[in-house]
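Two complexes come next, and they have one chain in common, subunit A, joined by subunit B in the first and subunit C in the second.
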Partner chain A sequence: MYQYDSHDQAMVDARVAEFRDQVRRRLDGSLAEEQFRPLRLMNGLYLQLHAYMLRVAVPYGTLSSAQMTMLGDIADKYDRGYGHFTTRQNIQYNWIKLEEAPDILADLAKVEMHAIQTSGNCIRNTTSDQYAGAIADEVVDPRPYAELIRQWSTFHPEFSFLPRKFKMAVIASETDRAAMRLHDIGIQILRNDKGQLGAAFYVGGGMGRTPMIAPCINPFVPIDQMITYSEACLRVYNRYGRRDNKYKARIKILVHELGKDEYTRQVEAEFAHLLTQGIEPPLAELERIKAQFTDPAFATGLSDAVDRSDPDFAVWLDNNVQVHKQPGYAIVTISLKPVGGIPGDASGDQMRLMAQLARAYSFDELRVTHAQNIVLPHVRKADLYTVWQQLEEAGLGTPNLDKIGDIIACPGLDYCSLANARSIPVAQKISERFAGREQEIGELKLKISGCINACGHHHAGHIGILGVDRKGVENYQLLLGGSEGADTSLGTITGPGFNEEGIVDAVEKATSVYLANRHAGERFLDTYRRIGMAPFKDAIYAKDAV
Partner chain B sequence: MKILTGNDLKTGAVTWWTGEGWSLHVAEAVDVGDQGDAIAARENAARRVVSPYVIDGETAADGPRPAHIKERIRALGPTVRLDLSLKPADPAAGNWVI
Partner chain C sequence: MVETQLRFRDDEPAGDPAVTVDSFGEQTNAAAVRIEPGDDARVLLPHLDRITLVEVNFPVFGDGRGYSAARILREAGYAGELRAVGDVLIDQLAFLRRCGFDSFAPDQPLNAADAEAALARYPEVYSPTVDGRAPIWAKRHGLA
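Showing the complex of A and B:
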């Protein structure tokens, strides 16, 4: 894992001291709210529906046990005993007191964490593949490149006031586990025919009110020019992105309105200029970073055998454990989606338990996934049963990864001041409705957003649900056919929306159509793509047609 | 009716104008008529509230109630964590927002 050097620590410590002074001035009246608001937002502190909310960055989703322990301690000491892991691999606390916010940032700084650039029109936390460094299908570990981007983008003076927020994701495998093409810039690290390492740039993706899949504007940028190319992409956006209309300010609109070819031409021209300026970080810095992402000291000669005699354990194995690149090891995903629970929420005790398990069984590492789960990336197969038993005891052993109960849901109207409808109660009802049938249904990614901003990724769900406000009443639209993997697609709205009970029934009808029509081995998404919308629509709205 | 709401500067807690000060309980709110903006400006300047604004309210059995569901959830707390709401002992409290 990356360890702060003296520069990193000094910058974060200085920011904590600066914010402490800003809070003091706000409380004594030296700063008005309109002056203070942009300052607190730069430190991830929002004023949400019920209280101040603090969003803490988890760079590329990687945490040490000490960091996860601190997150749990903060939940207990400063919040109400829990936190919410988000779709951008971050964590949010919902009940923060302004006067305590500087102390929280100081505690975070002790474990090399912060909340810088988790809000505002800047480059946000760079996300990555939660299986990085553990999965066999990656070309390289993408995290050193994400870390390089983190260092480049942090406090970047030119990109601190972009037309709108900016999200980047870095992966290094064909299997996209980070929704890469639904980011402002998605980067895939790959090798060309000559075996050289480079970066494919996908620019102009995103969800929100105008969902777009990022086109590839350059299939191979040499890896030692990745930052320069990123700078060129941002420069063109910063120069021409629309600042007159918030809803048209994201880079996806610029790429769409200019057209991919013209945007690319401008980026290439800027890139050619920047190459003469020598802005790329020295390779020695990348090598310094890479040295901190070397494999842990895996044991060799371990057996791959796992005793499956406990049937509940076997179900969990089949659902939540992935093949590791190292024989004798496995990747464990801890579901934060218990039946009827709140997707992404974890208590302070649960966070500390996960930290303990990481320390004891996973080389001190954890990952946050964009699907709001937690990963132990390097667990010996011989330890899986012990790990599972401890997870079960803590309510963390739900065997539902990528099943219908593994729902992505934004905080919705229960917490978010932007939301139009509640997301969590819908997620809870669906997970309860389908409890016990998840294995029969198989892979089905269901995602719920409480407003058109799409923090719950509803556009990319095999089944997506969008909550809207219909004359002051919550209403839910149903979408089918979205995906965020290597086969990225955007869902299509089925038709008129439903109330809270009706949307659960509609999901049930959609799954029934799938079960009645699926061919062997087909996922819900495969069947939908083969038979199209019509049979689903007929079933979902059958009552209306009579 | 018009009721005035905002957040407590230090804690961020949702508060309601009672005519004399700020309360956590919307039932104690008063109809501010056309005085909401003036009260908001005065209270904001005195740092007794953050980001105050006027909303539509209606009269319910137990006092004023926000007209819109978003403000009702704001007044109660998250419906999925009623233990953290202002009515932690009432398992049916969520019905109040619907």
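Showing the complex of A and C:
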């Protein structure tokens, strides 16, 4: 994986010094809170309901063991012993003291980490496929391209005060595991029919209160022009994106209001101009980065056999282990969704254990997934049983990847000052209600947001739940039929909302309709798409409730 | 008129008051123009040879359109004074400099020591702009 050279380290160290100085000026009163706010936000520091929250960047979701160990140590030293992995492959700490924040950044810098641009109206952490470098269906490993974007976007002087936040994702497979088309810019690295590498640009996707699936504005930008094209997309947005209304300020609204063709025309004109400005890093830089993402030293000639005689292990194997590109290896997903737990939370001890397992069994590497789980990307099949046993012992062996208990949830009203409703208790209740029935129900992606900003991706859930405030009471709307993969679709609201108990019952009724109607091999989403909303609605709103 | 607090040029400051972009089109002898966030800097490009001062107004620091306006002017070869005015704060100075601004007239005077520290904070830059600083990739590959 990517390692900082002296240049990268100098930038992060300078950031720590800068933030320390900004906090000093805030504490001595020379910076007003309104002036400090955008500065702390660009360092990932939010003022939440009860305390400061610090969001730490995990570029394209990749972590070394040393980095994961540090994240666990920070949880113990500065927080209440845990951290929360997010849908943007980052981690956030919910109980931070302002005066300690510079020390946390200094600790992070020791392991080549930072909180740069994890908030604010700037280019945020670039996300990617959590199986990058391990999955057979990728054209190339997408992470070097994401790293190139990380460097280009870090402290970009022109794009640090955009109309609104800006999120990019890079994938390199037909199977989209990063919800690429729900980003401000989604890039798919691919080869054209001449075998040359390029980048397809999808611009103007997003969730929030106006969910949109990004259209493709250019199917093939030559790879040695990817940064210049990105710059053109951003410049048009910075100049013409709406600034009169924060709810209409994302690039999706600009693309929608101008129309895809007109936006594209403006980008192409800006691109032609910027090509004359010499801003593209040379291919040698991409090659330098790529050299740090070569395959680890996989052993060859390993057996693919796995002893399935322990039935609990076999269930986990069938749920949480994916096929690896290298014979004899597997991709392990560690569920951070225990029954009744808080989705995405891990304790300091759990983080250190995952780090140890990565060191011993996965070439020192881990990934954070946008579904708020952790991946050990390169585990020998012969080691799977040992790994599972250790995970089980630490409460990390839940066999529910992509099942109804594998819930994505935002922090909600328990922490977030924007939320209208709590997300975590709803997730916990659903997880408890369906415990033991997950395998019978099969793949079902359930996503919960505590407000219309959609941090919990409710639009893209097979079942989505949106918490709203209804006359001062928490109320939950139910959506069906969303998806975020190659078949991206947006969910549809079933009808009137429910209270906290009612929403759990409504989810149960929806799953009952599915179970009663499914054809062999159909997932919940497939059955919904075949039979439509009506039978679900009938059951959910029937007077003589089940 | 607000004082210019920081200036990184050796020539004499322009004497004329800056006119709006709209009036500039009509006053063919104007040499100083003021850009508001909604103005298109590109309308000035045919007239760069007679402009000695462009003021770019930041009514609120969070409105970043002026950064693009500045870079567009410099990319087109504008060599006169480019002054950031309005809600110009310490922690935006380095970004503004990188986009081509070479003078600053903030509404509220800046602490001189803090401003100097902020401008000197980052030893290196990742992206090339119009300020001529070699990006890190150029140093890595012997291009700087």
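Keep in mind that, in the parts below, the second predicted complex is superposed on the first by the 543 of 546 C-alpha atoms of A that agree within 3 Å, B and C clash if a C-alpha of one lies under 4 Å from a C-alpha of the other, contacts with A are read in each partner's own complex, and residues count from 1 in each chain.
We adopt the following convention: a residue touches a chain if its C-beta (ideal position, glycine included) is under 8 Å from a C-beta of that chain, and two chains touch if they have at least 3 such contacts.
Nothing here was measured: the structure is a model prediction, and the numbers come from that model.
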First (subunit B), second (subunit C), both or neither touched by A:Trp388: neither
Touching partner for A:Gln35 - first (subunit B), second (subunit C), both, neither: second
Touched partner set for A:Phe85, first subunit B, second subunit C, both or neither: neither
Which of subunit B and subunit C A:Pro425 touches, first, second, both or neither: first
Subunit C versus subunit B, contacts on subunit A by residue: C
Common interface positions of subunit A, toward subunit B and toward subunit C: none
Subunit A residues within the subunit B interface of the complex: 26-27, 29, 33, 47, 49-52, 80, 94-99, 342, 413-415, 417, 419-420, 422, 424-425, 428, 469, 472-474
Touching residues (chain side subunit B, partner subunit A) in the complex: 7, 9-14, 44, 47, 50-51, 67-70, 73-74, 77-81, 84
Subunit C-facing residues of subunit A, complex: 5, 7-8, 10-11, 14, 17-18, 21-22, 25, 30, 35, 38-39, 121, 151-152, 154-162, 235, 238-239, 243, 273, 277-279, 281-282, 284-285, 288
Footprint of subunit A on subunit C - complex, ascending: 37, 40, 61-65, 67-69, 71, 75, 89, 91-92, 94-96, 98-99, 111, 114, 117-118, 121-129, 135-137, 139-141, 143
